[in-house]
Every structure is written in structure tokens, then in C-alpha cells.
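For reference, the structure is listed below as C-alpha cells.
Chain lettering (A, B, C and D) follows the sequence in which the chains are written, and residue indices restart at 1 in each chain.
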Amino acid sequence: MQLVYLLILLPLIGFLVNGLFGSKLSKTVSGWLGSLVVLGSFAISTKYFLDFYTGSLAAPIDIKAFEILYFQNISIHFGILVDQLSVLWLMIVTGIGFLIHVYSIGYMHDDENFSRFFAYLNLFIFFMLLLVLGNNLLVTYAGWEGVSLCSYFLVGFWYKNESYSNAGKKAFIVNRVGDLGFLLAMFVLLYYVGSLNFSDLKAEALGGNIPSNVALAAALFLFVGAAAKSAQIPLYTWLPDAMAGPTPVSALIHAATMVTAGIYLVVRTNFLYDLAPEAMQVVAVVGAATALFAATIGIFQNDIKKVLAYSTVSQLGLMFLAVGVGAYTAAVFHVITHAFFKACLFLGSGSVIHALHGEQDIRNMGGLKKWMPITFVTFLISSLAISGIPPFSGFFSKDEILAAAYEHNIGLWLVASLASLFTAFYMFRLVFLTFNTNFRGTEEQQKHLHESPSLITIPLIILAALAVVGGAMGIPEVFGGTHWMKNFLAPVVASGSGAAHAISHSTELMLISIASIAAVVGIAFAYFRFVKGGALPLKDGEEKGLQKVIYNKFYVDEIYNAIIVKPLMTLSSLAYEIFDVLVVDGVVNTLASITYWKGKQIRLLQSGNIGFYLIMMVLGACAILGITIWQL
Amino acid sequence: MSLLMNIFQEIPLHNYLFLSAILFCIGVFGVLLRRNAIIIFMSIELMFNAVNLLLVAFSTYYSDSGGQVFVFFIMAVAAAEVSVGLAILVTIYRNLHSVDIDELKSLKW
Amino acid sequence: MTFYIFLFLAALAVFCGLMTVTSRNPVHSVIFLIGCFFAIAGHYLLLNAQFLAVVHIIVYAGAIMVLFLFTLMMMNLNEASEGHKPALARISAVVSAGLLLFILIAALKKTEPFAPPLTIDHSIGLVKALGNTLLNEYLLPFEFVSILLLSSMVGAVLIAKRDKSPKPELE
Amino acid sequence: MLLIIILSLALAGAVFTKLSGDKLASKVAFLFSGINVIATGYALKLASLGEFAQLQFASAWITSPKIDFLLNADGLSILMIGLTNVLIPLIVLASSSRKLENESSYYGLILFMQFALIGVFAAMDAFLYYIFWELTLLPIFFIALFWGDGNKQYRSKVVLKFFIYTLAGSLFMLFTFIYLYQQAGSFNINDLYALELSNKEQYWLFWAFFLAFAVKIPVFPFHTWQPETYTESPTAGSMLLSGIMLKMGLYSMLRWLLPIIPTGVEAWTPVVITLCAIGIVYGSIIAFKQDNIKRLIAYSSLAHVGLIAAGILTVTKAGFQGSVVQMIAHGFNVIGLFFVAEIIFRRLGTYDISKMGGIRALAPKLTTLFFIVVLASVALPSTNSFIGEFLLLFGLYEYNTILAAVSGLTIILSAVYMLRMYQRVMLNELKSTITAFADLSLSEMAVMVPIALVIFACGVYPHYILKVAEPALDIILKNTLR
């Protein structure tokens, strides 16, 4: 019992110490303090994980701590829920969180606001734990907004750069759009079901007490929230911008943990989605569309982190596709493997950027494997994993999703496969342009090229190792596995319609071969084009036609700017200068002016002629007397 | 049959009411008609007296001495008012050489 | 008999009052007003308010009207000094006063006729009875009146005193 | 008796402050308001235990017409009194670090304002209530007129407009009370609750009543006095106005409008809630591009308060509870925001956002505390106004889904203008015109830290507020739904 609280509170303590006294601590102390509290949380998470793993803890831990609000007959508590699903997320958040903390000690070493950075990271872990551990939607929502806040802090960490802080602001505001959806979903559930507790909701849903239209409304509103947080169409635009933050932040928040919160939410409320097939349809379509769309954009990006960002968006789309077709386990599986290899990729890119002193454009890199072998190998492994090359982890999780999509709808499968093909291509375009051929940067940069310190490389190695073996969690039956994860998660997603594979093993094998071949084709294409062909991406402004459109991300940001931001800003000016000042205030002032003007006329009666006053007085007295008498 | 009873019977109370009403209206008339502030003042005294008369009449007819005490007070107030009022008029006259109300117009707006 | 005395006094009072407001000469006005006051004092006597009658003569005729006369003489006002009001103003003065009289009479007509009280106290108008009431029931207002008179005296002196300091010329 | 002590402490404080002379004024004012905080704390404790005997006072006052000196603090009132009494010492403290002219009058007026505000929140006799209501106008009028920054001539125009606007609104209320007195023969609130007015009467009485509150709150489109007055007043004046005084309107809607005129409320709610919802979006959108911090806060306040008013008018438990929480939350948040504006003004001599930027590098403490207040304003969970907005929006949702969604836009829009402001003031490169910027002084910390603490305390554990307010709100709800 107490351990759970400690699990949550440790990062908070780290945040408070680093936040309040950080300026007085040395960098080593504050860095390791920040890391160790997360390690503590990781240890406790591991304990819970092992409890569930060995089966010594079968029923979820569901604690109601204290009442936050109540009205009418509704009562909302601060509560904690530890079950198989949250334990998995705990492991990712604290485990990868710890690695990235350690990495940051090396990466951020020269930053003047070092302790503030760790304070924010710890705060992020705290909110993420809150999100994952909440036993009701309100607590989850608190964590949900909390991680947005930390994302705002960390993206705009280098606040002196206006475009960075703009990116942070954009991330926060776009997420707020989703938060409104989340809020409305809570209202729908509160109003019709009367509770926000996951256990209550699940009982009601399984008991058939939630009408399907209520479930549909709630599921769609929740998906709005999830789409914003997990960067799905149409709310994905903040994620590529969020790469303005320091690279560890991109790895932790914008690849491994926070952006998967949307998946967590949908999986957590899977009982609602099961009641609303239309909502699942929407989720699947949006997911598939995002996967392909983002992968397309990824092909022509030249910023190393932007490529990874679009790749994240695309992978998240795949996960939503899985959720949408009811393959919750596959989605969770992919979240975990993705956390491993994407974190590794981001940290690897961070290592590269660190070595090049802030250079992020792949056109100015190349041939780095000579100087940075560890970074290169880990990066390569992760790229293989994300491309779905067997037997790396991404292969298993991605194929499971593809199989589920195929079973559901062949169109979705096609889209997803195409996205995978693109993924393999642009990932290896990135690998080849960065690490192969010759260095294209300046002489000055070349002189300083070096492998990163061990604080940076050790997390890379661990993550790469995990990216290799992570697939072991869910080896499908085709390969003689038992799919451990499916069994592990069964209590949470018991109702899952994707529980049983309807497709035969032979079909599945066929799908696997197609996917693997597609990945190899993508890689080969990249190899021939960029290593053999020595092609280089075009310089800015030289793109033409479709390529130009894609390079400019289909002009989505510009379109949003033109149809939402600009009009709002114009409206703001107009509403103030024209409507508020001239119309609303004008009416008030006109009333006042009329009174003033009439008063000016009436005061002419005050001629100063006492005789006139006297007569008026007498007549007034007469009038009053007269009225009184005639009323009697 | 006392003298008062005799008076009550011969002179109805209404006569006094009418008489004081007439006197009061003469006072009002004077106030409206004249331009000399002092005459206006005198008209006001006339109005005072109309009211006094009424009070005394009621006091006697209803055997209540309160009315007469009131008249007494009114006289005191009237005296005070006249002394102050005339002092103001004297000051005005000293400054403007007139007590014509149609000429005293500067106190407006 | 008493009724005729009443009629005579009433006629005298009304006549003197009218002359007061219509006389062109202010001094005449004052004289007529004194006459009017005497008539009213007669009414007081008729109403058995002897003390008030005496006080009335002393205060009004003796003090207030003398004050008026002094003021008039000080200002040296005569017939010519007061111009006529415009005809319209005079007509409206007549109309207004008439209207007021009409309304008052109309109001008084509606009142109940007087019913004399069962016991008649003959002494209320006498000095003794009045003094008792005044100094018992109305002691506090009585004292206030003394303060009022004192302050008005001071005020009158202060206002009428010639101001020695140079003051801005009024137009 | 305790209530009388609280009330007279404020009045005595005002008198003693005025007498104490300019040098001591701020200290005396702080002393009295500080003692009052302790007394209020005790009262709040009693209220949470359900012991209200100490918080009632009744005495005959005027026999005809029948007006009693009836003070009675139930859960709702005591919370509002608590808000007032906690904020006043903060306001005094916030002003104390700045040298002013004629300080004894200034602080005396602030405490006098406190006296009148307590009276408004405690009076249970309509006439007494009206007297206190109008009494609040006097001190704020003089404070805004004499101690504001900027052009005196323009300011007097603005302040006069505020004065007349609100006074004109109150006139309608006086009229309503007289009418109600004619019907009920009493000014006692319980007699007014018991009144059975015909539907037709209620239809027009509603507007007569509502106008007074709508101007004070202010509800769109009666808000135009607000931005200019906030801008031109001294900061303590803006704090008093926005922190406490506009709560008078909201409180009065709960206390006087809804239970007395239930049918009228029911009939007109669609119109009025729509106005509130328009106000929310409208205020937020205008706030986007304001360059004057104080005017920006004013428009954001219009949005926030519109939500509270809408929540109250839904006549739901959630809406009521939310409104109470949010009234308290908004009181603290807006005072925090105004104080930040004041702090910056003291150092840079301007309220113009376009002349700021990059202050963060020079003032980390200010940055942190400012950001906490910003967070509270954008209703981040675990801050006080999240609880309020959650309940309010749920109340609105119970009333109408579309309105809830439209009002819910405040979640997004408030983030836009608040973060935009925060960014333009604190982040980016340091403006070259800013050469020095001292971080918070001790007395400034003493204002901001309690505000920050309250923000989190109410955000994590709003239970206390909900519990104290509940019985009173139940009575109001019952009377409104009869």
C-alpha cells in the first residue's frame, strides 16, 4: 500500500528538491538525485511487475485515498489503480525514464539551467505516474494535463529562443483541444453513469448498463483527447514542432511515454470502445491515415529529429490502428517495443547532435560511423527494429498489428503496409545519410568529432539491447511462442474482440513474409539511392511539384494558420476595436451622452428668475394637494 | 354656558379654517406678485400668521395647549429667520444696491 | 355678538393683508401688515389665548415689524424703486394664488364638521397653563429655541457686519 | 457575536488607520486585517463543525418600514467573508511596499471597503444588504479616483463612468426590493423566499434584479466599464474590484435572485446563459491581442466570471458548488495576476506588454510564482480553478450539452491568451530597454507565496469548501426549484 505512494512521491520529492534548491546544488548532485528518485520508482515498479508476473498478485490494487469532490450523489476520489496494464506502463515510464535521466546528465552537462531541467523531468515522471496510476478518469486527467505542462516547460526549455517557446505553447494549446474532449467525455460518463472510476465503469459496461450511444459519445470524446496527446490527424502538428526541446526530452516525452498516453487511455477504457464499434472504426481509420500521412512526410525531411518525429507520429498511427481493430494487446506491445527503439533512436540522434555541436541537418552529416561506432550500431539496430526486420522487437509487434488489420479490413492493411514500407525507407535514408559515405560538414566540426561519453552511450546500449530482445514478450503462436503479453493483459482487456486470431497460421505467415519483404525492399531502395547512388537531399527551395508539397508537410501548418490562427487574431482585434469599443461601449456612452445633452437643455429652465421658481413651486404644491384631495 | 361654549356655537371652526386659508393665499399672492424682496418677506410673515391662527383655533377648540406652544415656537423661529434674512438682504443691498428679485439672477446653473 | 366681532376682525385681517401685498409704498405695506397683526391678535383674544395675543403683539408688531421698518429706511426704498412685473407674471400670480385658494377651500369643504369636546378647559390660553406645558412637556425644544435665537443673533450680526477686507467686485 | 466582532474589527480598523497618520497607516491596517483573519479563521472552523450560533446576529432597527439589523453567516456567506478577510491583508501588504500619497486615507478606505463587503455577504435583510451594497461603492470610487496611475483627467472620466454605471444598475435592485416589500411586508430574506409572485411579475422583476448584478459581475454586454476601470485604478483598486467586489454580484445572484424569483429565472435562463457563454468566448478572444496587462486581465476576468454566472444559472448542485469554489479561486488568482502586473510596473514603469520580455532570466522567483498563477488561471488540474471549472462545466453540461461545449472553449482559449501573455512578458530574449529587474522582495513574496499555497491547497483538497457551502446551497437550491 504505502509503496505505491512512495512510487508516486519519489519523483515529486526530486522535483521539489531540484526546483527549490537546485541552484544551490552542484550539477552532479542534482543530476544524480533526479535520476535516483526515478530509479527508486523503477525498483518499486519492478516489485509490482514481478508480483503480477509471478501471479502472487492477481487482483489489481485499487485504493481510494481521499475524496476530492462530491455533489449530489456523485463522489470523486483520489485513487490509485495498479493492474497489469498500469504496471507495464510503470515499467516503461520509470525504466526508460531512468535511462534518459542518466543520459541527460551527460547530454545537458554544459547547460546553465541544469537543475531546472532535472526538476522538470522529475515532475514529468510524477505526472506520468499519476496518469498511469489513477483509478479514475479525473486523476488520469490531472496527470494528463500535468504531462502537457511539463512538455510545455521542456519544449520551451531554452526560453530565450522565441520559436522554441512558441513550439511549447503550441504543444500545450493543441493538447488543450484534446483536453476539452477528455472533459466532455468525463461529463458524459458522469451524467449517464454517475462514476468516473475505471472499475465502476467497467462493471457497468460489462453489465450492459451503458447505452451504446452514450458509449459512442464518450468514446469519441475520449478519442479527441487521445488524438491530441498522441499526435493524430488532425491534431498532430504540435509534435514535430516539439522537437525544439532538448533531445532527451524528445526521447522521453515525445517518443516513449507521453505520446503513448493516448493509447493507454483508449486501452484503459476498451470496454467503452467495445460498446461503440463506430468509434473504433473512427479510431482505426484515423490511425491508418495518420500512419501513412506522417510516413510520407518523413521521407523528405532533412532535420534528423523531424524525421524521427514524423516517424513517431506514424508509429502512433499504427498503434491506433491496432486499437481501432480491437487488437489492444498488439497496441500495447507496439507501444513497449516502440518505446525501446524510438527512445534509442532519439538518444542516438542526440548523441550525433551533441558530437556536432547542435547540427541537426542530415545534409551536413555523413560518414559518422567512423567516429561514433557505438552510436552507429545502436542506431542501426533500432532502425532495423522499427523497419520490422526479424527477429528484432519491432517485427513482432508490427506484424501483429498488420495481421489484426488484415483480418479487419484489407484496405487498412494495405495502408499500414505501405506506411511500413515508407518507414523502412526513410529510416534507412536517415541511417545512410548520417553514418555512411563521407562527412559533409565543416572542417571545424570534423576536428571535434568524437564518440559520446559513457553516460550517453550506456543508455544507448541498454535500449538497443532491449530493442533486439523486446519482441520476446509477444512471440506469436506461429513461431511456437505463447504470446506472454496477451495472457498477461488478459484481465484488463478480457473483453477484447481481438483476443482470438481468426486467420489461419498460413495466412499469417504470408502476411509476415510480405511485410518483411516490404521492409527489405525499402531498405534496399534507400541503400541503392543514397549509398550506391550517392544521392543527396535537395537544398532548400529546390524542391518541385509533389516533392515540394511533401517537403513542406503538405502545408498543414500554413493551412491551420490561415484558417484558425489568423482569423482568430483578426477577430480579436476587430472584436476589441470595433465591436467592444464602438458598439457595446458606444451604446453605453450614447446613453450617457443623451442624458447629458438633455440635461443641458433642461438646465436652461434654471434661469435664475426667482419669480418663475416661486410660481412653479406654488403650482407644484397645488398639484400635490389636488392629487391628494381627489384621491381621498 | 361659558364664553367659550358661546364662541364655539356662534363661530364654527370652519370659519377659522377659511379665514386662515384666505390669509395664506394672500401671502402666496404677495410672494408671487411683488419684486421687492422685503415685501416678499412680509408676505411670508403673513403666511406664518395664517398658520398660527389656525393652530390657535384648533388648540382652543380641542382644548389642547400643545397648539399654542407650537405657535410660541413658530414666533421664535420667525424672529430668528427675519433677523438673519434681513441681514442677508442688507448685505445684498449693500453690494448690489437693489433687492429686486428679478435682478438677483446670478445664482443659477 | 361674538360672531360679528369675528366677522369684523376677519374682514379687517383680510383687508389689511391685501393692502399689504398691493401697496406700492413699502412703508404702507408695513403699516397695513401691523394692522393685520392686530386683527389676528384680536382673534387670539377671541379664542381665549390671551398670553399669545400679547406675545404676538410684542414680537411681531413690536419687534419684527420695527426691524422691517428699519431695514426699509436703511435702504431708502420708495414707490418708484420697485418696477412692475410683466403682465404675464402678474396674471399668473393671480391665477396661481387663486388656484391654491380654490384647492384649499375645496379640501376644507370636504372635512368633517367640528364636534366640541365634552370638557372644555378654559385655562389653556392663560399664562399659567401655557407655562406649565411649555416648561414641562416642551422643555427641551424650549431650550433649543434659546440656542436658535442666540445663534441667529450672532449670525445676523456677522452677516450684516461691513466686511473690511477688500472683496472682488460683483458685476 | 463573532460575526459582529469581525464586522466591527473592519470598521474599527478603518477608523484607527485613518487616525494613525501616514507613517503607520499600512502597519495598522495590516494589524487589524491580520487580527480579522484570525477571527475569521475561527469562524470558518466553527462553520465546518456546523456551529452557526456564533455567526448570527439579529436586532430590531427601524420599526416602520420594518427593517431589522439582521446578520447571519451561513456556509456560503462565511466562505465569502473568509475570502474577503484573507484577501484584504494581502492587498494591504501588496500596496505597502509602494510609497503613496495620503496613505492613512488610502488604507482606511481599503478597510472600510472590507467592512462594507462583509456586510454585503452577511446581511439577511434586504434593506440592510442594499445599504452595504451601495456602501462598497464609495471607498472604491475614491481609491480609483485619487490613487490611480496615469492621466488624472481621463481617469476621473473612467471612474465616474464606473460609478454611475454600477449605481444605475443598483437602482433597479432598489426598485425591486421596494416592490417586494410591498408584496411581503418585510425585508427579511426568509419572508422574501416565501413570497409567491405571479409569473408575470417574475418575468420583469428578473431583469430589474439581474441588471444590478449583471453590471457588477459583469456579464456581457454590460462589461464596458470594467477594462478601463481596471486599467486606470491603482492595483489595489483593481484587486478589490476584481477579487472581491465582482463576487458580490455572483453571490447575490445565488442568495437573492434565484430563490426569490425562481420562475423568472427559469424563463430567462436560456437568454442569460447564452449571454454568459458569449461573454466567455468574447472576453477570451479579445484578451488575445491586448497589450496592456491589466486590460488583458480584465477581459480574461470577463470570461472566467461569465462561466461562474452561467454555472449559477443552471440551478444545479454542481453549478452551485462549482461557482463557490471558482469564486474563491478566481479571487486569489486574479489578485495574483494583478499583483504581478503591479510588480512589473514598479520596476519598468509600464503595463505595456510589448515593452516587456525575457524577464525570466533576471527574476526566477517571480517567474515561478507568476507561472503558478497563470496555471491556476488556465485551470490546470491540481490548481484551485480546475475544480471550479470542472464543476461549473458539468453543471452546464447537465443544463445543455452545446452550451457546455462552447463554454468549455475557455479551456483552450484561456491557455492561448495566458501563455501568450506569459511568453511575451517573461520569455524570449531580454528586451534591450530593460537594464535591471530586481527579483521579488520579501514583502512581495509574502503576498505571492500564500496565494500560490492557496491555489494548490484548494486544488487538491477542495473538500472543505464544498462541505461548508453545501447546506446553504441546498437551501438555495430547494427554494429555487420549488
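The rule is simple: contacts are C-beta pairs under 8 Å (C-beta built on N, C-alpha and C of every residue); 3 or more make two chains touch, one makes a residue touch a chain.
Note that this is a predicted model, so its numbers are computed, not measured.
Asks: Imagine chain A is absent, with all remaining chains left in place, and give the connected groups that result.
Replies: B, C | D
Asks: Based on Cα centres, what is the most central chain?
Replies: D
Asks: Distance-wise, how many Å sit between the C-alpha centres of chain A and chain C, to the nearest whole number?
Replies: 96
Asks: Measuring from the mean C-alpha position of chain A to the mean C-alpha position of chain D, what distance in angstrom results?
Replies: Averaging C-alpha atoms per chain gives centres 37 Å apart.
Asks: In whole angstrom, how far does the Cα centroid of chain B sit from the Cα centroid of chain D?
Replies: Computed from C-alpha means, the inter-chain centre distance equals 57 Å.
Asks: Averaging over Cα atoms per chain, report the distance between chain C and chain D in Å.
Replies: 60
Asks: Which parts of chain A, given as residue numbers and ranges, touch two or more other chains?
Replies: Correct list: 611, 615, 618.
Asks: Where in chain C do residues touch at least two different other chains?
Replies: Residues 85, 89, 92-93, 96-97, 100, 104.
Asks: Provide the list of chain D residues touching at least two other chains, using ranges where the numbers run on.
Replies: none
Asks: Which chains touch, pair by pair?
Replies: Taking the chains two at a time, the touching pairs are A-B, A-C, A-D, B-C.
Asks: Per the contact definition, I'd like the list of chain C residues that touch chain A in the complex.
Replies: Residues in contact with chain A: 85, 89, 92-93, 96-97, 99-100, 103-104, 106-107, 110.
Asks: Along chain A, where are the residues that touch chain C in the complex?
Replies: 611, 615, 618-619, 621-622, 625-626, 629, 632
Asks: Over in the complex, which chain A residues touch chain D? Could you list them?
Replies: Touch list, chain A to chain D: 19, 23, 66-72, 138, 141-142, 144-146, 149, 152, 156, 159-162, 165-166, 169, 172-173, 176-177, 179-180, 183-184, 187-188, 190-191, 568-569, 571-573, 575-576, 580, 584-585, 587-588, 592.
Asks: Can you name the residues of chain D that touch chain A in the complex?
Replies: For chain D paired with chain A, touching residues are 161, 164-165, 220-221, 223-225, 282, 285-290, 317-318, 321, 358, 360-361, 364, 368, 375, 380-382, 387, 390-391, 393-394, 397-398, 404-405, 408-409, 411-412, 415-416, 419-420, 423, 426-430, 460-463, 466.
Asks: Report the residues of chain B in contact with chain C in the complex, numbered from low to high.
Replies: So the residues of chain B touching chain C come out as 2-8, 10-19, 21-30, 32-36, 38-39, 41-43, 45-46, 49, 52-53, 56-57, 59-66, 68-69, 71-73, 75-84, 86-91, 93-96, 99-100, 102, 106.
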